[in-house]
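Should a chain be cited, it is by its letter among A, B, C and D, assigned in written order, with residues numbered from 1 in that chain.
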Amino acid sequence: MAAYIARRIVLITLVLVAVSILVFAITTLLPANVAYLILGPFAPPEQVRALELKLGLNDPVWQQYLRWAGAFLSGDLGESTLMNRPIAPLLMEALGRSLVLTCVSFVLIAVIGIGLGVIAALRHGRPPDHTVSIATYLGIAVPEFFWAIVVIVIFAAWLGWLPASGYEPLSAGFAVWAKHLIAPTLTLVFGHLAHVSRLTRSSMIEVLQSPYVTAARAKGLPERVVVLHHALRNALLPSITVLALDFGRLMGGIVVVETIFAYPGLGRLVVFSIQNRDIPTLQAAILVVAAIYAFANLVADLLYAFLNPKIRFGRHAA
Amino acid sequence: MPPEGSVFAPRKPLSPQLKAGLAITGAIILLGLLAPWIAPHPWDTISMRTRFLPPNATYWLGTDEYGRDVLSRLLMGTRLSLAMGVGATAFSLAIGVPIGLAAGYFRGWIDEALMRAADVLMALPPIMLGLLVLAVTPPALWKTALAVGFVYVPQIARLARSVTLSLANEDFIQAAKARAESTSYILFREILPNAWPPLIVEASLRVTYAILLGSALSFLGLGAQPPSSDWGLMISEARSFLDRAPWIAFAPGLAMCLLVIGINLLGDGARERLDPRLKARVKA
Amino acid sequence: MLTIENLTVHYQVLGGAIEALTSVSLSATKGSTLALVGESGSGKSTVALAAMGLLPAEAKVISGRVLLERDDMLAMTPAARRALRGTRVSLVFQDPFSVLNPSLRIGEQVGETLVHHRGFSAAQAFARAVELLDEVGIVNPAAVARAYPHELSGGMRQRALIAGALAAEPELLILDEPTTALDVTIEAQILSLLERLRETRGLTMLFISHNLGVVRRIADEVAVLYAGEVVEQGRTQDVLRAPMHPYTKGLLAAIPRLGQKKTHLAAIPGRLPDLRSPPAGCRFQARCPFATPASAAPQTLLDLGERHVRCTNAAALRDAVWPAATPMPPDAARSAGETVVDVAGLSKSFTRSRGLLGALMPRLGRDELKAVDDVSLSIASGEVLGLVGESGSGKTTLGRTILRLIEPSAGTITIAGETVSGRPQRALVPMRRVAQIVFQNPDSSLNPRKTVRELLGRPIARFGLAPSGEIPSRINALLDLVRLPSHYAERYAHQMSGGEKQRVGIARALATNPRFIVCDEPVSALDVSVQAAIINLLADLRDRLGVAYLFISHDISVVAHLADKVAVMYRGKIVETGASDAIMNAPQHPYTRRLLDAVPRLDDGAD
Amino acid sequence: MRKFLTLLALTCALAFVQALPSAAQGTLRVALGTTLSQLDPAKTTIGDEYVYVHLVFNGLSRIDPDMTVKPDLAESWSASDDLKTWTFKLRPGVKFHHGRALDADDVVATMKRILDPATGSRARTSLSMVDNVTAIDAQTVKFDLNIAYAGFADIFADRQLRIVPKDKLAELSTQPIGTGPFMFKSWSPGDRLELIKNPDYFEKGAPKLDGVTLRIVPESAARMAALESASVDLVWSMPYESVEKFKNHPNVRIDSVSTPTWDGVILNNERPPFNDVRVRQALALTIDKAAIVELALFGQGAPTFSPIPPSHPYFNKSLKFSPPDIAKARKLLAEAGYPNGFDVPMQVPQEREQRVRVGVTVRDMARAAGIRISIERVPFASYTANVAGKAQMYVDGYFARPTIDTAIHPFYYSQGSWNKQLWLYKDTRVDQLLDEARKTNDEAARKAIFEKFQAIVDETAPGIVAYSAAHVNGVSKKVEGFRSTPMQWLELKSVSLKP
């Protein structure tokens, strides 16, 4: 098991290195001149050239990459060309807020999605099943930004129950903090329920038809035991993989949702730095997202292994 | 577990799910194809006098902030949304399927290399990867389609790989090897025809992902450009008027909803019909 | 103890209903074993599920009662039925690999009926489970109780399942093909266990099987099921020795028996009727050589004293013999010709490297498995070498390694005078023409997207064996050779039955005019009646074309029937080889003897 | 489960109760649409940044909402007769937020910094006439100009020229310090900028508020919802499409002012096809400016010929907005060698909705004459880098300038600093007129000059200046004493909040 985790961490590191190269490569293609961006549009050309030289922007790309990677590894994430501030604290702040948003949404997605999936499977082909299907389809059938606006118009403008946007730190009080989370969370959850619930539904249906569930029924076990003890556990295994993917999707979902709800997290930072060609910030932010994504997958795999004795104990036959 | 009946059973009738999916998707495709002929008004001509009209006998779905007919725009936009979804998916199939075939068939280091490369692309949420790719060039709808297609290449490749892996163990592949068939014959004549059904099912669902991702990118300013009547752009432009003229946003919103649900029904229904045990999508 | 009366079950499917069981009546007296025999599609598993009240939602009981003593399982409330399951009647399923919950410990699964029916605590139940595992002959039961299903072998899983079925001390045990998935030696052990348990616990058993040999060993009474109807029922010994219903006669005639070889097996032509609209008269009528106009009328189960037979003509047919198939006349005089295949010192070991990291860091674990270990053999033209062994012995690997479908680790292979080991794959084209393969699973061996014409035409075109204009006639000739009508050329795999698909597989192998064919378990996926026809076909082709076979099978009776020479394989090595008769009659190696002893026989055999 | 629900209900209830008093007494909450990318006033470029600059910093002079120039940090000023030497006397007793008193060296340091090309301030061009700046004594600063410039003192009201402390230059982008009514407290990029009252502000009694919070809310629907639900008190530069909605709102009023701020289609006068005046005229002939005002601004503005707004005394009332003449436009195009029209891309700034609408409208109008425009949305942030002064045709707009000269001269003078970033327009008649205007102090003469100027640019059409837009703020009725200013920053010195 330890060897497995070690192997996975080495792989993740390799993937992250490759992602950093990819991101670096794409960002060097961006139609923007870093020196120009730092100095502003009114800087004279000779100044721009001098700074380019100083920053090594005329060096071969791989040299630039190594320099950047080296600094990154030593904890120096560089300075935002646009905001003239060190990136690290900026990023950490945004990351913290995004993690709160994604984790709360994720837990809700997992609990509600699995719950709905199980209900639909148990009532397979009957009204509750169809209701769940339609509701979750609606969530994925319309882009998140549409629902986000609907949430704003209904809950903030018409009903006035929720703040329309923004973020309040926890120091402003738990209730205020929580209230600002509700609308973006609602949007994210609604937009991401379908995958988990549909998968849970189909794997639950399949497991309920599996020979070992028939065998459990043949033993005369109460239906509650059959469903919860025998079926659910195995039915959840594929859901875990999908939940990990969903965590990644959430990291994508925050791009739109944070932009609309003016939630100052990682997603907005990415959009902002792309739109403003703030390349050092962009590189750092994207890498952080990739790392979170990768580790979410690792956690899912470990959880999967933990719940699945076949992987947990290897293949040695007694 | 009903016993196997005669092998000459008549073809299974279509499930209601599949019928509904076919009807919805077919109707939308048909409307999209006929749009230039059936659209009642020009889709992009500004008219000062007809702004913000609610749905009425002349403008069935009302008019927008430029006085343009929402129904005509919606119909013309059908083509763009479908082209976006289908184009992106075709691109990801064209790239992803050969990669998946190669990885699944050759195994070994080719597999490792291709799948790790896929991991790299999959380490970023699709929308961020799309943003990055599109930030490099001036926006255009076809570029968005390509970018969205590119983003989904690894997932298609993974699915093609897992299908290929299971097919490569089938005895008919051994039979082909036993008559010294070339690798390309085995890949494209023996494996690919059998890999299509799950791939097509998956691809049909990808079309909806592509439409949604494309519209999200449109929303962020990359992709369709005004006065295009791409659904995503329509929704995103109309959102400022949601409380004043909700029909402008709801018409494309509902249309997109219908299309996505139709395609999903179609894909799910087709999957169950083709092979009830097919669960490759989960792994993809 | 168990009485099934007039049970009729339909399955609702899209476009109609399948009449899975029609007026089935059975009874097993206390302490006896009733066997239910039938081929696939006969409805025997439905009987088991119906008896437990576990029919799936799409099944509908049209009529009938299932009485446990005097309690009707079908009429009682679900709760009452659930209370009976596991306590008075238990079910042991066919496939021990999928019946155990993969994520629960064996001990828990064995003991859980005690928790829910007998009020045991989890710990008490677990302790009792260890005792039960011990009772069913599991060594180190305490450790096994803590294990998960995937850590056990098939035989151990089946024992654990039996232990679980017995936990709450039921009176009736229903066993649905309990040994089908197991190797023959394991099967023998499980049968012994069941016999012992029946005596020690006084169990009543309903034993469902397709294997008449197994049934003969374990059952007092046997009921033969065909197309959802009981066609014959009586004392096991009587039915097997003197079958009265034509179907039973055919079934018995189709089974190859150790010690009775060289004659053609009888085969039952045709296939099951469509159960969506079964014929009104005798359901076997279309396949029956004894059918008379009276067969078209509805048949009832005639009571002939000790025996019940569903055939109007039963009395008249009491002594009739199922007609034997006529062999094909050989084309050329069969002579032990020159050696076609010669294999010396062949080995194949598999190393499991672990992906990219495994390649980077080879020390991070590699398993080595010797699947084929220093094997030598030779086959002459027109000769059949039977290769016997249990699962995992390396039979299939050996067959494929000889054809270079798997790359050998060591050894030389010579086919038709050409050394094929050590050559690059692209230099193997000549060998590929002369050496072909027939596979076990007809579903997997035919590309489902191709018609028979494409399947058979491709090898001919690939090797340029005929100008394209002649290919259609060659395909017709091939279909004729495997006794399929020529219109089958336009069919896809899913439009044919298992036996027909296997014929196409054979025709495909023959398309290149090979001199050597590896037959890799070609009949083990088929029902007995179909199996006989394929064996006959293979024998005919050998005689007619002088092809050499490596005939791989786990079924010693089949091998003994067809093979000239036999090689017994055990853990990658060939432990004994020799003339077929010699090995069957005087096995030398202890493993061969164990194998032969374990085979369930239909009669007492020659020895 | 019940426990959980109770807890949830409790949490929600608490949230609502707390929401009301969270409108902290005396702190005005303002919603802005775009995040600030610069805190250093010399480097600011966008309106949202100017809002902050105006609250934290002062210039030597200031422009009040009635567009009159008043002394601010300078108590008074005087010019030499040749209008080439200007002396400013600083207001005594002004303190920076860190407690140090303002002196002449701060002014010199501020100006030198802006004049240093390395700073990269866009205001450097505004000071291009300055040869030298020196501190005469602690309270007096002298500017030596290389040309005569009558409106020199007015320039200092502009946004980037605000005075910063010489000892805190390095911290300007992180911990900015000024002399303004509000002091910087904290900045969370993309989220909010918090300002608190400057108790030592030199105008007695000001400010009245305890502080100002600038919230960044890019999504306009969210800004509107926030205003409606009273989670902000003021939406700066309200989107024009939302004005309608608040016309009769119980808690919100619309505060609108007409401004010299203009939007228009910029044509590159040096690149084909718009290097040909006939093509530019043809395009102009397709345009219906009144319709653009209606479609792009929902009526919140007025058509104009140049950056001089119709409300300005210099506006040329004798010129007419002629209705579109497609036949003539086609004829001109044919003469210029485009009988079948032509295709041209047009960039529009993605986040500026009304400018996108200008683009869509112009596209539709120009189509009639065969000018086929394809629109490309570009992030506003990359506009200056990739579009301005380079593209053939794009939509842009400019905020009000302190004076007519600063609003016209840099944009239309052939060597003008903005001209190079814009349409690269060159007309000797215009150059002469603008030179003349700078030397003239006589109002009537200046009016005549600028009326003539408007006629020339209307005829030669360097671009389509579509309208002067109104500046609209959505204001909660709790806010007292607020008035929108044509300069489009926020005057909050005398604003207070009703409890």
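Structural remarks
The rule we apply is simple: contacts are C-beta pairs under 8 Å (C-beta built on N, C-alpha and C of every residue); 3 or more make two chains touch, one makes a residue touch a chain.
Being a predicted model, the structure only gives us computed values, none of them experimental.
Chains making contact with chain A as well as with chain C: B. Greatest centre-to-centre distance from chain C is found for D, with centres as Cα means.
If you average the CA atoms of chain C and of chain D, the two centres end up 86 Å from each other. Taking each chain's centre as the mean of its C-alpha atoms, chain B lies 45 Å from chain C. Distance between chain A and chain B, defined via averaged C-alpha coordinates, is recorded as 22 Å.
Work out the mean CA point of chain A and of chain D, and you get 39 Å between them. Annotation for chain C: residues touching 2 or more other chains are 49, 56, 356.
The set of chain D residues that touch two or more partner chains comprises 221, 350, 379.
Residue numbers of chain A whose C-beta contacts span two or more other chains: 11, 31, 149, 153, 157, 259, 275.
Taken together, the chains touch in the following pairs: A-B, A-C, A-D, B-C, B-D. Across the complex, chain B is touched by residues 11, 13-15, 18, 20, 40-43, 45-46, 49, 56, 58-59, 228, 271-276, 355-356, 359, 400, 403, 405, 425-426, 428-429, 432-433, 435-437, 439-441, 444-450, 458-459, 462-463, 494-497, 505, 508, 512 of chain C.
Looking at the complex, you find that chain D touches chain B at residues 220-221, 239, 241-242, 244-245, 291, 294-295, 348, 350-351, 353, 356-357, 359-361, 363-365, 374-379.
Of all residues in chain C, only 49, 52, 54, 56, 82-87, 90-91, 93, 95, 98-104, 112-113, 116-117, 140, 143-144, 147-148, 150-153, 156, 161, 164, 354, 356-357, 364-365 touch chain A in the complex they form. Taken in their complex, chain B has these residues touching chain A: 116-117, 119-128, 131-133, 135-137, 208, 212, 215-216, 219-221, 232, 235-236, 239, 242-243, 249, 253, 256-261, 264, 279, 282-283.
Looking at the complex, you find that chain B touches chain D at residues 44-46, 48, 51, 65-66, 138-140, 221, 225-227, 239-244.
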